[in-house]
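In the part that follows, the structures are each spelled out as structure tokens.
Okay, so subunit A shows up in both of these, paired with subunit B first and subunit C after.
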Partner chain A sequence: MLGHLAKFLVIIFKNVRRNLVRSTLTSLGTMVLVLVVTSVWSVLSFIDAQTSEKANDFKVLVTEKNKAPSRLPYAYSSSLREGAARNPGDVRPTDYMTWAFYGGTLDPTKMTRENFIFLIAGEAEKVPTMMDELDQLGPADKERLMAAVEKMKRQRNGCVIGPTQLKTMNKRVGDRIKISGLIFKGIDLEFEIVDTFPDAAQRYAQTSIMNIEYLLAALDEYKVKNKKPHPQGAAPIAFVVLRVNNRQEFERLAEQITASPLYTSPAVRCESQASAISSFLEAYKDIFWGMRWLLAPAVLVTLSLVIANAISISVRERRMEIAVLKVLGFRPGHVMMLVLGEALLIGAASGVFSAGAAYLLINKGAGGIPFPIAWFQRFFIPDQAPLWGLAVGAGTAFVGCIIPAWSARSVRVADVFSKIA
Partner chain B sequence: MSDSEPIVRVVGVHKYFTRGAERVDVLQNLSVDVPNGEFLALMGPSGSGKTTLLNLIAGLDTPSEGEVWVGDELISAMSEAQLARWRTRSIGFIFQFYHLLPVLSAYENVELPLLLLPLTTAQRRAQVTTAMELVGLTDRLSHRPGQLSGGQQQRVGIARAIVTDPTLIVADEPTGDLDARSADEILKLLDELQRSLQKTIIMVTHDPKAAERAQRILHLEKGQLVEQTVRQLERA
Partner chain C sequence: MLEFLKLVNAHWRDVLYVLLAGSLVFMALLAAIGKVPVSYNVRNLVVRWKTTIMTALAFTSVVALMTVMMAFVNGLYSLTENSGQPGNVVVLSSGSNDEGFSNLAFDDVRNVERMPGIISDSEGDRMVSKEIFVVGNQQIPVAPGEKPRRRFVQIRGIENPQIAGKVHGLKLQPGGQWFSEAGVEQGQGDAGQNLIQAVMGNGLAAEMGRDLGTSPLAVGDTFSLADRTWKVTGLLDSGGSTFDSEIWAKRQITGEYFGKPASYSSLIVRAADDVAATALAETVKGAKETALNALTEKEYYSNMAETSRTFLYAIVIVALIMGVGGVFGVMNTMFAAISQRSKDIGVLRILGYQRGQILISFLLESLVLALAGGLLGCLLGLVADGWTARSIISGGGGGKFVVLKLVVSREILATGLLLSLFMGALGGFIPAVSAMRLRALESLR
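== the complex of A and B ==
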């Protein structure tokens, strides 16, 4: 049985090679379209992952209630990390991280993209556990990140910069950089680059982090030096992220925080991280809708038509051969299998190759898909993309060749060999 | 089955096609018996219905009326799938233009019908080798059709027709595309197959010289049997 199957596969393979130019062009067309679909789905799957709540990693965002961008006093952070718990039995977060944003330029006289840097300021020791996906690093990368975190804890002006950002700035690990503050005007900070994010943490290729204590100390120094607080010194943080075990705990925690008298000026809002991101991305919903329901389906239909066209021509050219096979005893199902096999071979192989190549070239070569939406600058092709390629290539090939395959199975031998005129 | 018993029985067959409102009668109330082991030639002008008759006997088409029996099987009542299954084991078909698959080697072309039978690789190899030996082409196994002469391609076609050891071999103008020398070689080969393997061969031909090889010649005209010639052959 396996021997027979192998022989059928050989025939299918030889049929694909029969017209190498046509097969190659069909394959190239498939690859280009699979590349487009893979890229679109990569963006959408990332956005979906960000906006869907995770059962075992429930993060809660506490932001200013009535203003955007949110600004909160740093004092909020110390009580929020306890979940504003007052009574025994109140929910306490299992983890937390305070977020502030510090941005500036390496050269205030030359405000170019290369000179601009944007840093997330947070508790250094919380970086490995509270920043998405960093807890999934391999042991070697995790060890390296932990070492960098330790350096940042010991040396408050240490910072970790994404590899792409570092390259853009034309700097190296160990370099010292002086930044003139743009978000916190008048707060100029000098950093030492202690490391980069590991390559495996692709989404952080352009992200940088600093120890929030360094920013807070600089704000204190400003106050001493200028005998008045910095204009943003009273509310330097953007939000606090808390982690709880599940949705029930989140609901109780949200109730505790919003009912607490500690957070009235300004008042705070408590929502799941997924919900917060969804709200923020509301402005882009039409773009995502178009990508999901217009662009991707249009590409899939086009892909099916490309394959349908190539296979139709092939079947039309080989009507006589198909009739001969039937004379030899090949049943309609056999003929259909041969035609479907050809389409599936071209579709699946091209799909896997295209998605695999996209994974390597876009992620490793190009540093992601540059598609700035909200705070997401670049998108990466996920690990499962080659499987998408396989499914898209094979699926569209199957759909595209149903009609030509049916037409092949329906070839009437007597009609083909008919000599009556 | 004894030699005198008919292996093919065509009983009161009528075949017509419709072209728009017009009905074209191709075969009209035709009855033919072919004894087991006979070499039969079908002759007649173009449009006389000889190829249609051959297609009916080979199970490639079904009659509008009447019955076609091959052995004990009423093939005119079989479905397309049943006919395909039956053809694999019972019929070897030789085409005028060989119709070998250009992407496959001679060996693979001959092996094609065997892929539909429950045989091991070794059994398939043995049957292909035997068939290729019978047609004298064991030195061309790995050649593609494009690398073979017309005569050699037709030999491969014959090997493909006999590889399943069918009850009946049908040939539609098997020498029609060959030069005189190659045609003669092919006819000799068919002759040998009929004699040594006791195969029943039904051959459609326009060529009187080719028909001379047959034991019996049926002449068709306008879908009807008009003449029958029985030949006493002296064979070397």
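== the complex of A and C ==
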């Protein structure tokens, strides 16, 4: 049995090598089209992951109910981190983080993109546990992040800036920067860059974080200096993220918070993080629909056509040879297997190679797919991409060659030799 | 070189048509000057109809897809192009480039209002519209058990709707009326509150109607937003502009309700023309007593086209990569055609056809295939004309949620055809060269 299989494989390999130009062209066509599908699916799978509810380790967002962008008083944060629990048995979050946004320019006279920086202000000690994916860093990266957090706690004006953002601003770790506030006008802050995000935290390449206490202290200073509060001082935070164990706890927590008299002016909305992201992406829904149901299928159809064309030409050219094989005792199923095998070999190998190369070149070489949509700047090819390549290459090869393979199976020996005669 | 590129950029439409016309003329010239047996090639395409169809369909899918994607970007561009009025100046707070992040003090607005250069309408009213721009959360009705959904709705708080309509060049559709001076009316709103009167764009009215499973919202209909019931008093004749996705209501009410009671987001003023508008914007920016940002409305919306550019770049890259895939496909077909017809080539050579004529013959065959596939792709892509889609337009930071119409323009169709012909030429050229190089006697063996 194994011997037969090996013989079949040898014939398939030889068939692939017989017309190297055709095999190469089919393979190259497959590679470029698999590259498109892999890139599109990478974007979609990331979005899907962001908008899918998790069964456990549930993150909850508390935002302003009726308005966007959300603005909440800082006082909300202290009671929200307790989940507005009033009675024994009420759900209390297992973790929390307050989020505010501070943005500004390095040079108010030259407001270019290179000079603009946007920082997430939060409790420094919550960064490693409450910011997505940072809790999954390896030990060395985690240790480095913890060290940066400790610095930010000791030194309130410390900040961590993503490597791409650093490069854009032409700054290095250890540099001091002065930012003129644009989101909080009149709040100009001086920072020391204490570290950058590790390479493994790819999605934070353009993200910057600061200690929220520094921002709050600056707002207090503004009030003393100007004898009136900052216009945004009453509601400086954007939202509070809470963590609960599961969906049931989330539902009880949401009820506690929305029913609480503490949060009436402004009223708050309590929703799962996935639901909040999904709502924000509602405006992009048609674009994602188009990518999922028009772009990717059209590429797959094109790929199938390219392969179908190549294989059907091969079958047509080899009718005589197929007839000889049949005379030599090959059954129709064997002939079909040979044709299918050739297509699957080209498709699968090209698919895996293309997706693998995309993984390396896009993630390591290009630093992700630059497709700024919503607050996502770059998308990365996931680890399972080579498997997608295998599936797409083999799947489209199978679909493309099933009819030519069937026609090869049905070649009549008498018909072929009668034409020659 | 740079000057040449600038020139091409400035006249890209003309360049596109010239390229397409040139390609078609080139094909005709090849057939005429080369005196090639085109009928022989066409008959071969018909005889090998299965391969022909499969190869043409590869062109079709690439071109159709590119047409739909480009129509989307074109819709985005149309929105930003149609939203700015000539002569209008948008005044924002210093450092702001987006209404959503702008806060103008009442005093600042008063100073600008009095500036010379602002024109008046036929009734003597100064063409000044003081506005706030806020975004509200609207719960979208979903079936029981479905994940909750909400959308962001843009609300423009207007002080004087008649003037605002004139400044923005917008009218109400027949049967509608602007909201009243009070901005509210008695009715059965949520928690027994009065109804908030509002006018809205058709795009948003259609979206909201779709959520309820009905036709677009019409005058007299109500909807819920931010725990209040709103009544539609009119529909804006705003098709093709960003205002099509907005709700307009009384500034004092929306400001109070959405946390902007004591400031404006923007001040829109009308100057005599674009030149005067640019000068007025400079005057506003340079005013010593205020720190404001001002730009012409055309410029403001043009800055919003960054999203369109992002999508355009992405589409160009995807189309090019798909085009490369298509080129490999057509190369395969043409190489196979040549190897199947090597004897024919030998006969043609013996009949006196020159090598160049053989090359032209096979190149033309590939181009005809590409043209047929491309035309079919354009026809398929045309189906998308008028489809509606949602998106965000943004100039970096902030942005506007918009409902847009896909626009399949002649330029897009021409680009699709050109792409198809380019793929055909590239994919057909190398095989055609190999056909040309075949020796007559060897090919007949």
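One rule holds in what follows: the second predicted complex is superposed on the first by the 417 of 421 C-alpha atoms of A that agree within 3 Å, B and C clash if a C-alpha of one lies under 4 Å from a C-alpha of the other, contacts with A are read in each partner's own complex, and residues count from 1 in each chain.
Just so it is clear, a contact is a pair of C-beta atoms (placed from the backbone, for glycine too) under 8 Å apart; a residue touches a chain by one contact, two chains touch by 3 or more.
Since this is a predicted model, take the numbers as computed values, not measurements.
When the two structures are aligned on the shared chain, A:312 is found in touch with subunit C, with no touch to subunit B.
Within the superposed three-chain model, A:331 lies in touch with subunit B and out of touch with subunit C [touch as defined at top]. Set against each other, subunit B and subunit C differ in how many residues of subunit A they touch, and the higher count belongs to C.
When the shared chain is aligned, subunit C comes close enough to touch A:68, but subunit B does not.
Contacts of A:18 after superposition on the shared chain: subunit B is touched, whereas subunit C is not.
Contact with neither subunit B nor subunit C is seen for A:351 once the two complexes are overlaid on the shared chain. When the shared chain is aligned, subunit C comes close enough to touch A:298, but subunit B does not. Chain contact summary for the complex, subunit A toward subunit B: residues 3-4, 7-8, 10-11, 14-15, 17-18, 320-321, 324-332, 334, 413-414, 417-421.
Interface residues of subunit C facing subunit A in the complex, by the touch rule stated above, are 50-51, 54-55, 57-58, 61-62, 64-65, 68-69, 72, 93-96, 100-101, 103, 134-137, 140, 147-152, 226-227, 257-259, 263, 310-311, 314, 318, 321-322, 324-326, 328-329, 331-333, 335-336, 339-340, 389-392, 396-397, 401. On the subunit B side of its complex with subunit A, the touching residues are 17, 24, 26, 46-47, 49, 51-52, 55, 58, 60-61, 80-81, 84-85, 87-89, 93, 95, 99, 101-104, 108, 111-113, 115-116, 120-121, 160, 172. Those residues of subunit A that touch subunit C in the complex are listed here as 21-22, 25-26, 28-29, 32-33, 35-36, 53, 65-69, 71, 103, 105, 108, 111, 113, 182-183, 185, 231, 235, 266-267, 269, 271, 275, 278-280, 282-287, 290, 294-295, 298-299, 301-303, 305-306, 308-310, 312-313, 316-317, 371-374.
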